[in-house]
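Should a chain be cited, it is by its letter among A, B, C and D, assigned in written order, with residues numbered from 1 in that chain.
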Amino acid sequence: MRAPSSHELAVGEVLLAVEDVSLSFGGVRALSEVSFNIRKGEIRAIIGPNGAGKTSMLNVVNGFYQPQSGRIVFKGETRSQMRPYAAAQGGIARTFQNLALFRGMTTLDNIMAGRTLKMKRGFFWQLIRHGPALQEEIEHRRRVEEIIDFLEIASIRRTQVGRLPYGLQKRVELGRALAMEPDLLLLDEPMAGMNLEEKEDMSRFIIDVNQQYGTTIALIEHDIGVVMDLSDRVVVLDYGRRIADGTPDEVRRDKNVIRAYLGEPHGVSA
Amino acid sequence: MLYREAGQYKTSYAADMAVFPILQDRIGLVVILFIAFVVLPLVGNEFLLNAVLIPFLIFSLAAIGLNLLTGYAGLLSLGTGAFMGVGAYACLKLTTTLPQVDIVVWILVSGFFSAAVGVLFGLPSLRIKGFYLAVATLAAQFFLEWCFIRVPWLFNYSVSGAIEVPLRTFMGIPITGPTATPLTRYLVVLSIVTVMTWFASNLVHGRIGRMWMAVRDMDLAAELIGIRLLRTKLLAFAVSSFYCGVAGAMLVFLWYGGAEADVFAVDQSFLVLFMIIIGGLGTLIGSFFGAALIYILPIALRAIPAAFGLPIRPATAEQMTFVIVGILIVAFLVLEPNGLARLWQIGKQKLRIWPFPY
Amino acid sequence: MDILHKIFIEPFLQMGTAPDLLVQTLWDGLVSGVLYSLIALGFVLIFKASGVFNFAQGIMVVFAALTLVGLHEHGVPAFVALGLTVLVMFALAFGVERLMLRPLVNQSSIILFMATFGLTYLLIGLGQLVFGGDPKVMIAKDLYLPSGAIEYKGLGGFVSLQKIDIAAVIIASLMVAVLAVFFQRTRIGRALRAVADSHQAALSVGISLEQIWVIVWFAAGIVALTTGIMWGARSEVSFSLQIIALKALPVLILGGFTSIPGAIVGGLIIGIGEKLGEFYWGPLLGGGIESWLAYVIALGFLIFRPQGLFGEKLIERI
Amino acid sequence: MRSIDADLDTLPKLLIRNAAAIGKRPAIRHKDLGIWQTWTWREMLEEVRAFSVGLAELGLERGDKFSIVGSNRPRLYWAICAGQALGAVPVPAYADAVAEEMAYILAHSEATLAVVEDQEQVDKIIAISDRLPHLGRLIYDEPRGLKDYDHTRLIAFEDVQRIGRNKLASDPQCLRRWEAGVADGKGSDLAIILYTSGTTGRSKGVMLTYQNVIVTARNANAFDRLGQREEVVAYLPIAWIGDHIFSYVQSYAAGYCVNCPETPDTVIDDRREIGTTYAFAPPRVYENLLTLTMVRMADAGRLKRKLFDFFLGVARRWGEQILDGEKVPLRARVLYAIGDLLVYGPLKNRFGLSRVRVAYTAGEAIGPEIFRFYRGLGLNLKQLYGQTEASVYISAQPDGEIDRETVGKPSPEVEIKISESGEVLFRSPGVFIGYYKDPEKTAEVRTPDGWVHTGDAGFIDPKTGQLKIIDRAKDVGRLKDGTLFAPKYIENKLKFYPNIREAVALGAGRDFVCVMVNIDLTAVGSWAERNNVVYGSYQELAGNPLVYAMIAQHIDELNRSLAEEPAMAGAQIRRFLVLHKELDPDDGELTRTQKIRRGFIAERYAPLVDALYSGATAADVSTQVTFEDGHKGMITARVAIRDMQPHAAPAQIGRAA
């Protein structure tokens, strides 16, 4: 049940473009001359067999890895590499393949932490934790509560995330990313290791996020079925190269893709 | 069981985010403060005040300091002793150069000096973590220790090489020096510790506390939500060292009344570290528990045999303490890695859901 | 100007003018370096195999030496005492595995690190309770360790090498050799190496983790004993040693936590470095810089080469 | 019948009064976004007014009917008042009603507009909209998921309010006109239509005037001295008269605060947070809490359990006397005080009942054990007897005059009489003005001189002078041999066992009494766990021989107690079976208020009934079931039947204490 609205958005201007990015660890090539772009308001999927370099791609985008060559154009600003902090400030949020939550903190604190960039009150107000500091804390708590309500995790508000079941942790992580009110949301296998029901919930959330907040989303997902009905456009990587890029149907029909997924010996986890 | 939470509803986030959301806890806090500020001064004898409470409070403050760094920000430090030392020596220099300024002010100001030193030795924390960082702080520990011994200017060239605490008064009442009564010193210490604990709890319950914990739990993710790692870590070092510094200054000025460099030796660092391990990493109340256990235990060990009339050599008691503390630490890590504070929470939870088991 | 001259010129002039002193200093540095290496070696053994950063290594040195001397004081013949001490160290390793490591398995490394703090305190207390806190003299003679010194004339002066130091160097090298062989050749040794990489691997070799832990802690115990004897013979057996043992930490920073050669080279660098520093530059600062020089050197390394001399670069995988 | 002064004879008027008189006091709270969002009377008036004007702009007019569907949320309560302010008539429908019922109510009431909670309800109504010619706009509270819906018809609650606010701002006359509109309302106007899911047949729309509800509410408030400071948790269906009176009319009349829980399944926690002072619940709720307690305590440590049982014993022995202020030995008082500290206090606290001044149970009879349990804890639990047709109150127990078996004295201004057939009749200011579009039914129930047939059989208990209800009048029957047979009476006594959720007693015109039992999954489930009885499904558990044995025990006890009552001795249970599925409102086996529909069940499970009386030891049955999403399926089962030995009536007669 994709909204027509976000399809129109999908042909919006380019938000982020990756141009001939190459990345290698020691001798190993993770990415070679990969180019693709993400348009405002679309849901963009990055798929490919295991070890195709999908995660590396995201890590380049939000500045964990520094590509040896290539450029990243974000919001019209060209740079040879991102820096994590810059990425965050620029409005790129991210969730991880195998969860990167603050395990020692509660759901509430995790999501509140997502607001850090937006909170300005300085050290000395923090010491007092009254007046402006408290005001700020309250208004951000309000926003966070809306996210909690949106993700239906009210009941675990005060639970330490370390104790939560996997599916819920994924949700909290999404919540933390949403708390940043990002322009671009990178989701690394948001449904990995989930059961069908959880997957459906998560898909619903992703779509709702895209619709209600108009957030641009780039996601890596193994479950091809999910990818196909979630995303507006799909780029396919294999061995660190881009082998296809287009709408789900185009990609599904592309023979390179078929070969990559069926022909190759190495794992197809779709 | 004692908790009656029915009717305690929150109509504002301010109330909901309060440090003590439950009425009974607030009452408990008031009671404790009352005992500390009113009852104990009335009933406490010199021994209780001077030999138990004052050092307990001072060590608690140091423990809070270290806990902010190690427990909240996840940065392991073995330099606590030295940072305390910086505070002490800074305070000495300050009060001897400008005697007219009130000593309490100087005690607090000296915190800034150790904060600065802390930041300096915290710099490596950007590149290194865990044990590596521990070694870096050891460097601080030994270098500073050396300074305390080798730089006579620090101890005003006193022949003994020790700090001699001068007499300082506040509105005519001697606060430091030989003539200061335990009671006044106790009250000064108590007030400082109370206020600084309040500050600490404000910090850890707000944005900064979350940043620290985020860095502790998963620094990569922290960076991704826009937390500047170096700044955050250095802030932790600064605040932590500030607390340790003040604690150090109080240790010398309001308790020992005079001290040599070895007071701030590496053993002191370890002692405070044990306090927060046993008390509970990442909790403020744990810092008090830890301090109580580690500091008051030895006193008890000496007192108990005496109470039963068994003569026990102080040396032996000393050694017993070592053995017991050692066992305690291992036992705690095995039984409850989260320390006394965790036990406290569990007990509290049980009381809240009483009579139900869950 | 003058200060720069003091720092950058004078010391080297001294070295040139009095080579015998230089050699002497180097030798002294070498010897203490060797002992640092030995302690570091103990760390590395345990860290490699069980990922535990054994803070107690230093006290184990003291404890071992103390036990040896203590037993002998109670009239036990030297070599019997030695044998008994070995047993004690085994018992210790065994106890540690049973009462500390096993319950704490799967705990974060920081927790285990803390636990070894506890062990340290326990051993300090125990040692003092049983053998008393005051320094003791190592029973070098009864163990047929040489004493006295060889005086070597020349270099416009003379260099004196304590026989015990020579012995220390030799024995240390022997021990390293033995360990090397043990690791390279024997089945257990390989297992240990495997553990360092992955626990499954170790199990596949057919040795349980528990056994391996006992073995490495025992090995570390033996190393500690040797260190204790040597050091004790040079100076005396006292608890202050335990602080000196912390010197092993900078050594590890240099050498890396997992590399045996690293431990040795690092030890030597630190040992020689701090002696030279103390002798030639110390006076500028009023002496005693030995106590921290090592750490500052290490600190420098940490900032510019965190993985140490031989440690392999650690990439953070997300 | 005393009437009420004209300026306070409708709820909108009361709202305006409260806003003026106690404007700063909390009127309603809602646990939302993590905290209790609170509106004072003044704020609430503003909200209601804005929405009301908005509704007017949308074309809602005096006399129009409009529907309210959803769980207890401030906005839905506001909607009721907002509509009433325009002289329109709210028609609440049960949120969990299946499309079928919903369609009937909306169509029958000719609602022109509906205010609903969320997407779920919107979907439900859109699905049936072709059957609702009158229905116009749909107003929703929760926008989640409705973004892509066709908004020509849908409109968000706040948008309606915005329309209203703009109108109020732009047109200075608007406010005056609105207030004038409110002033035009009269006590005799139709206030609301509540559809009673009658125990039989189609539900009927009970029409109540402002006069009815307000007078009744006033009297009730006076009766229990309820003031502004009460805290009430609104968690029962809005469409049910009980909730309408307790959480709406009485609140407006007394000016106390109503609290809406975060979600239906957080009610207990929310009640604890709020610490309600005036509680109302059907027996089921108290039963569930008790079951929950027992289940949890079963998992507690031995020592704790001993302690718990001991003090419960104390409470059972002395609790009620102490509560009723009777003289008890000092030892008992001391023990009770300790118990209160260790057990009763914490227990009430966990359930959020610590601050309760008055708690009512009604709807059906409550188990003496349960009743005694709560009163033993020091909870001022009382019984009341009411009906939609009476705007609830017919009789209630005054403080200190509590009796387990009765339902209290006639409420203020209520007259009660018993017809020769034994049926209870009443007359009161609360008496409804008729069933909507159904004069003949009205005539059946209400006599020309205003007496209403309750349809319940009962009598005034000589001991206490309180009303005692035995059963539905039409259900009271006789066995072949003429012995009196009151099925409800038996069923209730059975249901008092935590393990038994529902029971259906049969026997009218038969040779003997049989029952069909529904086990309680929570209780029996945990029992199974503790005695490691493995089971894959409800059906399997229900069929388990051990479960049968357990139920047989209960029934045997019941038979013994029946044997002691001369009138009932003949009506002991001879055979029983345990049903393979839970009786369910969606299958029409229960009413929305969870009352069993005996007749319907009897024919639905005809094969079982026959087997019970044919003497067979088992029977096959296959039944159609409806799932949440409304689609249907069949389940079949083989149900075993057990025989029971009746007890002989004791030699000398007299109720054993």
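By definition in this document, a contact is a pair of C-beta atoms (placed from the backbone, for glycine too) under 8 Å apart; a residue touches a chain by one contact, two chains touch by 3 or more.
These figures come from a predicted structure and were not determined experimentally.
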Chain whose Cα centroid lies at the greatest distance from that of subunit C: D
Pair of chains whose C-beta contact count is the highest in the structure: B-C
Subunit C and subunit D, separation of their C-alpha mean positions in angstrom: 79
Cα-centroid distance, subunit A relative to subunit D, in whole angstrom: 48
Chain centre separation in whole Å, for subunit C relative to subunit B (CA means): 33
Gap in Å, rounded to a whole number, between the CA centres of subunit D and subunit B: 58
Residues within subunit B bordering two or more other chains: 12-13, 16, 220
Junction residues of subunit D - those touching two or more other chains: 34
Residues within subunit A bordering two or more other chains: 64, 96, 100, 141-142
Of all residues in subunit D, those that touch subunit A in their complex: 32-34, 144-145, 147-148, 262-263, 266
List of subunit B residues in touch with subunit C within their complex: 76, 123-124, 127-128, 130-132, 134-136, 138-139, 142-143, 145-146, 149-151, 220, 266, 270, 273-274, 277, 315-316, 318-330, 333-334, 337
Complex contacts: residues of subunit B adjacent to subunit A: 12-14, 16-17, 199, 202-203, 205-208, 210-211, 213-214, 216-218, 220-228, 235, 282
Contacting residues of subunit C [partner subunit B, same complex]: 53, 99-100, 103-104, 107, 109-111, 113-115, 117-126, 128-129, 133, 243, 246, 249-250, 252-253, 257, 285-289, 291-292, 295-296, 298-299, 302-303, 306, 316, 318
Contact set on subunit D toward subunit B in their complex: 29, 34-38, 231, 272-275, 293, 296-297, 299-301, 304, 307-308, 341-343, 345-350, 352-355
